[in-house]
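Per-chain residue numbering starts at 1, and chain names A, B, C and D are given in the order in which the chains are listed.
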Amino acid sequence: MFADYTWTELGSIFAMQGFAGLILFSVFVLMALGLAIIFGQMGVINMAHGEFMILGAYVTYLCSNFVEAHFPALFGIYFFFAMALAFVAAGALGALVEWSLIRHLYKRPLDTLLATWGLSLILQQAYRSIFGAREVGVSLPNWLLGSVPLTDIIEIPINGIFVMVLTFVIAIGVYFILFRSRMGMQTRAVVQNRVMAGAVGINTQKVDRNTFALGCGIAGIAGSAFTMIGSTGPTAGQLYIVDTFLIVVFGGAASLLGTIASSFAISQAQSTMEFFLSGSMAKVLTLLTVVGILMLRPQGLFSLKIRR
Amino acid sequence: MNTINNNTDFLLSIENLTVSFDGFKAVDDLNLYVDENEIHVIIGPNGAGKTTVLDLICGRTRSTDGSIKFRNKELTDMREHEIVREGVGRKFQNPSIYEDLTVFENLELSFPRGRSVWGALTFQRDQDVKTRVHEIAGMVFLDELLDKQAALLSHGQKQWLEIGMLLIQDPELLMLDEPVAGMSVSERKQTAKLLNEITKGRSVMVVEHDMKFVEDIAHRVTVLHQGKILSEGSMAKVQADPKVIDVYLGH
Amino acid sequence: MTSIKSFMSRQELIGILVIAAVLFIIMPLAMDIFRLNLFGKYLTYAFVAVGLVLCWGKCGILSLGQGVFFGLGGYCMAMYLKLEASTPEATAIQSTPGIPDFMDWNQITALPWFWEPFNSLTFTLLAIIIVPAVFAFIIGAAMFKRRVGGVYFAIITQAIAAILTILIIGQQGYTGGVNGITDLRTLKSWDIRTDEAKYILYYVNGALLIAVLLLSQIVLKSKLGRLLVAVRDQEDRVRFSGYDVSNIKIFVFCFAAVLSAIGGAMFTLQVGFMSPSFVGIVPSIEMVIFCAVGGRLSIFGAVYGTLLVNWAKTTFSETFPELWLFGLGALFIAVVLIFPNGVSGLYQSYLAPLVDRVVSTGKRKGRSDTAPPPSSGFGAETTAKPAE
Amino acid sequence: MRRVKDIIQSRMSRRSLLAGTAATAIVAATGAVTPTFADEANTTGLAVTDDTVQVGILHSVTGTMAISETGSVQAEKLAIEQINAMGGVLGRKIEYIQEDGASDWPTFAEKAKKLLVNDKVAAVFGCWTSASRKAVLPVFEQYNGMLYYPTFYEGLEQSPNVIYTGQEATQQIIAGIDWVAEEKGAKSFYLLGSDYIWPRTSNKIARKHIEKLGHKVVGEEYYPLGHTQFNSVINKIKLKKPDVIYAIVVGGSNVAFYKQLKAAGIDMTKEKPLLLTISVTEDEIRGIGGENIDGAYAAMKYFQSLENDNNIEFVKAFKEMWGDDVVIGDVTQAAYLGPWLWKAAVEKAGSFDIDKVRLASPGIELATAPEGYVRVHENHHLWSKTRIGLAKPDGQYELIYETADLMEPDPFPEGYQ
């Protein structure tokens, strides 16, 4: 399979594929972080996660239209407002869903799966009714388009860099929220011992709601970022959900570091295989490998050995 | 290490047993022996590794090092149900019974026959089973409640039911994790009586906090502290041991 | 009478008779062949739902990959039918006559080896049972021996459904790809597309469903049935009662898989084609909702649930095509939040006491002194306690 | 949305009314004896009355395919409305019963059967994907219905019960490749597609034709439907440096592909490489964003920007009915042809009878088609031109080239299999 290429070309291949893998990695991390919080920390299976992402994408779409029409001068930087709004919108919807649906189901994780699947159907149809069945295009400011040429073959897409930086910032942010803030401490306390946390004065209901909202909000940001590379349609969210769950489970559900590591492993494997095999087979092989490893090591890549 | 020999007369011999969780040694180079027909009680402060020892014996937790021999058979690489079939029974701290089933069905499921998939499918509720279930139910004070759904029993009755479920298996070694926790005073008395009754012809290991209860039943006591044996012997000897007093009172 | 009693209570006997009456008498009288064929198609999903009652409702194993087994059964049947439809005469127009049309379009010039055995009907019928059973055994053995359960199992089975779909679509030369295996005509030169054939297939389907219900009933009323519930509620206790829990789980998972596969094969026969759209994630999860709506603890409920949801889906989408997803979504949520035991739960709490009273008043005189001793009674599961 | 039940009821009441009032021969089952015009039309066993005839519209309104099929539904409804405004078919107004295929193939088969068996419609306009067509095909053949199928597709099919108003593969591919080879001097091609039968078959034909011209295929690649990460294949393209990227990516993948292509620094306006697609119509561009596909070429038979009188009128009517912001793609136009071709065939046959309509169909001409003149071939496909359009940032194609003659449809092309 290497025979067709010269050495310089091979060098470029690995450089470019590495970079393609990094973009895929960022995408995976963005998708999975919100889910890792909700699933890993709360044990809730949110099958509507993809729809929260798409909500973020639609918010971005509305923003871009609004800004383009009313404040064309600000168009270059609208994306940042849009992301903030996407976070707020998805987070607010998340809080609402937690209040009306999820909080009744904490003891029945498999039932959250069914209920949130129902929710995802409703959201999909809602998007379809509001925005139409067709995909919508989000126009991007010019500085986000195009690429930086490194050599005559290697070019680095600007939106790829943007997504990577964004992922980095959000990952750091999540780390601080969960491990360095009071809210994070409370969240972890509730996860580890709900009764005790309640007894020492933590409002467990509020913590649950905030955690869920945070996870959904991050999904919203992810959706917003995806408008740069993917499509925004009512059913686009479904494309991501299985991959995302596999990433989180593969990483070891309770571990954020695991999520990041598994995103990295899966993205690099997939992008490398895509180069040498056909796209379909690369996908099948990647998923098969992940499932195979999970069968051998069900707790995922990273997990604490805990006393029972 | 002072490994004595490979074959012992003990029913259960634990030697150099170690288990560590991410570097933390919950049980550390433990040696412990249980005689035939002995009631052996393990006490110790919280986190001493008492429950972990029971978990290790019954295969729920895998050891890092060391051996557990039951009738000179190595248990450490056997799976849980195989260990049970060897004759080791285990009762958990919280009553673990099948709440959706009746008392009768709970006991019937524990009856040691038809344990394979096919066996369970072709299992017949014959006279043997019925007689044995009634007999055991009588022992654990539940003969009036056979048709009651287990979820509706009181906490103490659930504990008894679980003990009954072990008895019907007729194990040679019975391990009980805090059998009287959460029981009323009268229930404790009844339980002590029950234990004295059922230990005839078998060995029992008990983890317990209630010193009064321990005094009532124990033949031998082992005090665990931080995964290691602090003291061992009769109740009186252990109670007089300054190390034990230090651990219990010094904290 | 005693032999029936040993695996069926009076209520359950009534339940099965009612279903038989609905299937064999009421529906054929009430519907034209078009609707009846549609109804028969729904019934094939009921096989999956019954399997899910055992696997998920009773034993607590939620599989989101039942479509895989439905598809395997369906594809086995479709492969046989397709080979029969691809005689050299019928495919004379192709560059390689005698092989299925989609292979010819994909430049395949000889029948692949794994298609060969499907020339035999006996092999095909065996394969419909064995292939999914073996596949389920492999998955089950790998997962349950390693104690993968609950949510993890659900997600992994879902991933398997995704993988198989991509694989079938990607290997279209061997599988028919996204179009599936279409244009199936005859079974042993008996035209399965005629109205008469549809009637016969409907009855075969109904009889198989009754047989499957009886079989499931036998399993549930044996000690194994009670063990399933025990595994769901107190897995450790079962293990420490000397049972190999993984074997029990593998058995019930394989059993459910085989039921699904029978449904899939009947689907192919009645609908006349098979495609990857029954293998994937969405159909698999829809099958779970059929089971949930019917009541995850009742095999009879599962049949009614399947029929109800599909009927609603067809009606909704005929009347308000743009709104039916809202309805379906709301149904998912309602069945989880408001009535976790589904239709059968509602029946148990409202109608059953009534039915019981009516039936037992008629019988009381005759059997008051022959009532079985209390200890041989079976505890009916009445608690609203969904599997976790 | 019309309710089926209402339609059936109104038909029933009309019948009983007629039967009660006068002796205007309703179901003269024997009636082959010099029937009047109206009588014959009413005795086909189809849902035809003295002043209405029912047809079916069968597309996905829900599910993943709803995105693509909406345009076809709109076009079919427009055509039906226009025909009714002109007095209908054989003096009867067309009523349509719309069914939702829900992007689910068995549902398509089920609904097709319902339309044919229960509603007894005289024709069905519908289906979009090959899979849905394959699913309904046995139903149409068994119950002898008539399907007008609008999508450009892979060919390899020729059913007496289907009129294919879109192009089969050779009509889209061969002229397009000839054009890039001649006009643009293209010598090497990179074939890319979504992983299912249409892109694979099309690429197979493309490859044969490219090799026939003495040029080279440097890569061929398929991605699962819905795939959204194309960086790897873009890298391969950069390495292989083909003259032409021949792209048959569909659905949501499209959007990701073109956005990523642009982001990776492949500027299609520079035509190095040039991109030629047969899967992106104006409809898809809305999702992709005109700025992302600026400079790509498409080989189609219709573009919204065509400047003939038929089309100008069609676009105007379409926008009047469905709003100013709609766009019209190749398939939408082909769907629009369906009702008109059916009308012409019915009128030529003088009957709604399926067999007569079928016999009358070959040779039917439509001079009023927005794409220009079309004619039905004996093989039930349409003679039509191949056109090359250049994508503009505003989301429209600019017509660059069209074949001088109509291309003959050839669903089983010799030498391309």
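As a convention for this text, contacts are C-beta pairs under 8 Å (C-beta built on N, C-alpha and C of every residue); 3 or more make two chains touch, one makes a residue touch a chain.
Given the structure is predicted, the values throughout are model-derived calculations rather than measurements.
Novice: Select the chain at the greatest separation from subunit C, using centres from the mean of Cα atoms.
Specialist: B
Novice: Counting C-beta pairs in contact, does B-C beat A-D or the other way around?
Specialist: If we tally the contacting C-beta pairs, A-D comes out ahead.
Novice: Taking the mean of the CA coordinates per chain, how far is subunit B from subunit C in Å?
Specialist: Averaging C-alpha atoms per chain gives centres 43 Å apart.
Novice: Please tell me the distance, in whole Å, between the geometric centres of subunit B and subunit D computed from their C-alpha atoms.
Specialist: Result: the chain centres lie 74 Å from each other.
Novice: Express in whole angstrom the distance between the two chain centres, defined as the mean CA positions of subunit A and subunit D.
Specialist: Roughly 37 Å, centre to centre.
Novice: Express in whole angstrom the distance between the two chain centres, defined as the mean CA positions of subunit A and subunit B.
Specialist: 47
Novice: Two-or-more-chain contact residues of subunit D, please, as numbers and ranges.
Specialist: Expected reply: 61-62, 195, 222, 224.
Novice: If I count partner chains per residue in subunit B, which residues reach a count of at least 2?
Specialist: 60
Novice: Which residues does subunit C have that touch at least 2 chains other than itself?
Specialist: 166, 169-170, 322, 325 - these are the residues of subunit C that touch more than one other chain.
Novice: In the complex of these two chains, what residues of subunit A are touching subunit C?
Specialist: 43, 45, 101, 104-105, 107-111, 113-115, 117-126, 128-129, 238, 242, 245-246, 249, 278, 280-281, 283-284, 287-288, 290-291, 294-296, 298
Novice: Show me the residue ranges of subunit D that touch subunit C in the complex, using the header's touch definition.
Specialist: My answer: residues 1, 3-4, 61-62, 98-100, 102, 104-107, 109-110, 113-114, 117-118, 129-131, 134-135, 137-138, 142, 154, 156, 195-197, 200-201, 204, 222, 224-225, 412, 417.
Novice: Enumerate the contact residues on subunit C facing subunit A in the complex.
Specialist: Those residues of subunit C that touch subunit A are 62, 64, 142-143, 146-148, 150-152, 154-156, 158-160, 162-163, 166-167, 169-170, 281-282, 285, 288-289, 292, 322-323, 325-326, 328-333, 335-337, 340, 386-388.
Novice: Per the contact definition, I'd like the list of subunit D residues that touch subunit A in the complex.
Specialist: Counting only subunit D, the residues touching subunit A are 61-64, 66-67, 70, 195, 221-224, 226-229, 231-236, 238-239, 252-256, 259-260, 262-265, 283, 286-292.
Novice: Subunit B touches which residues of subunit C in the complex?
Specialist: Within the complex, subunit C contacts subunit B at residues 219, 222-224, 226-227, 229-230, 233-234, 236-245, 247-248, 251, 374-379, 381-383, 385.
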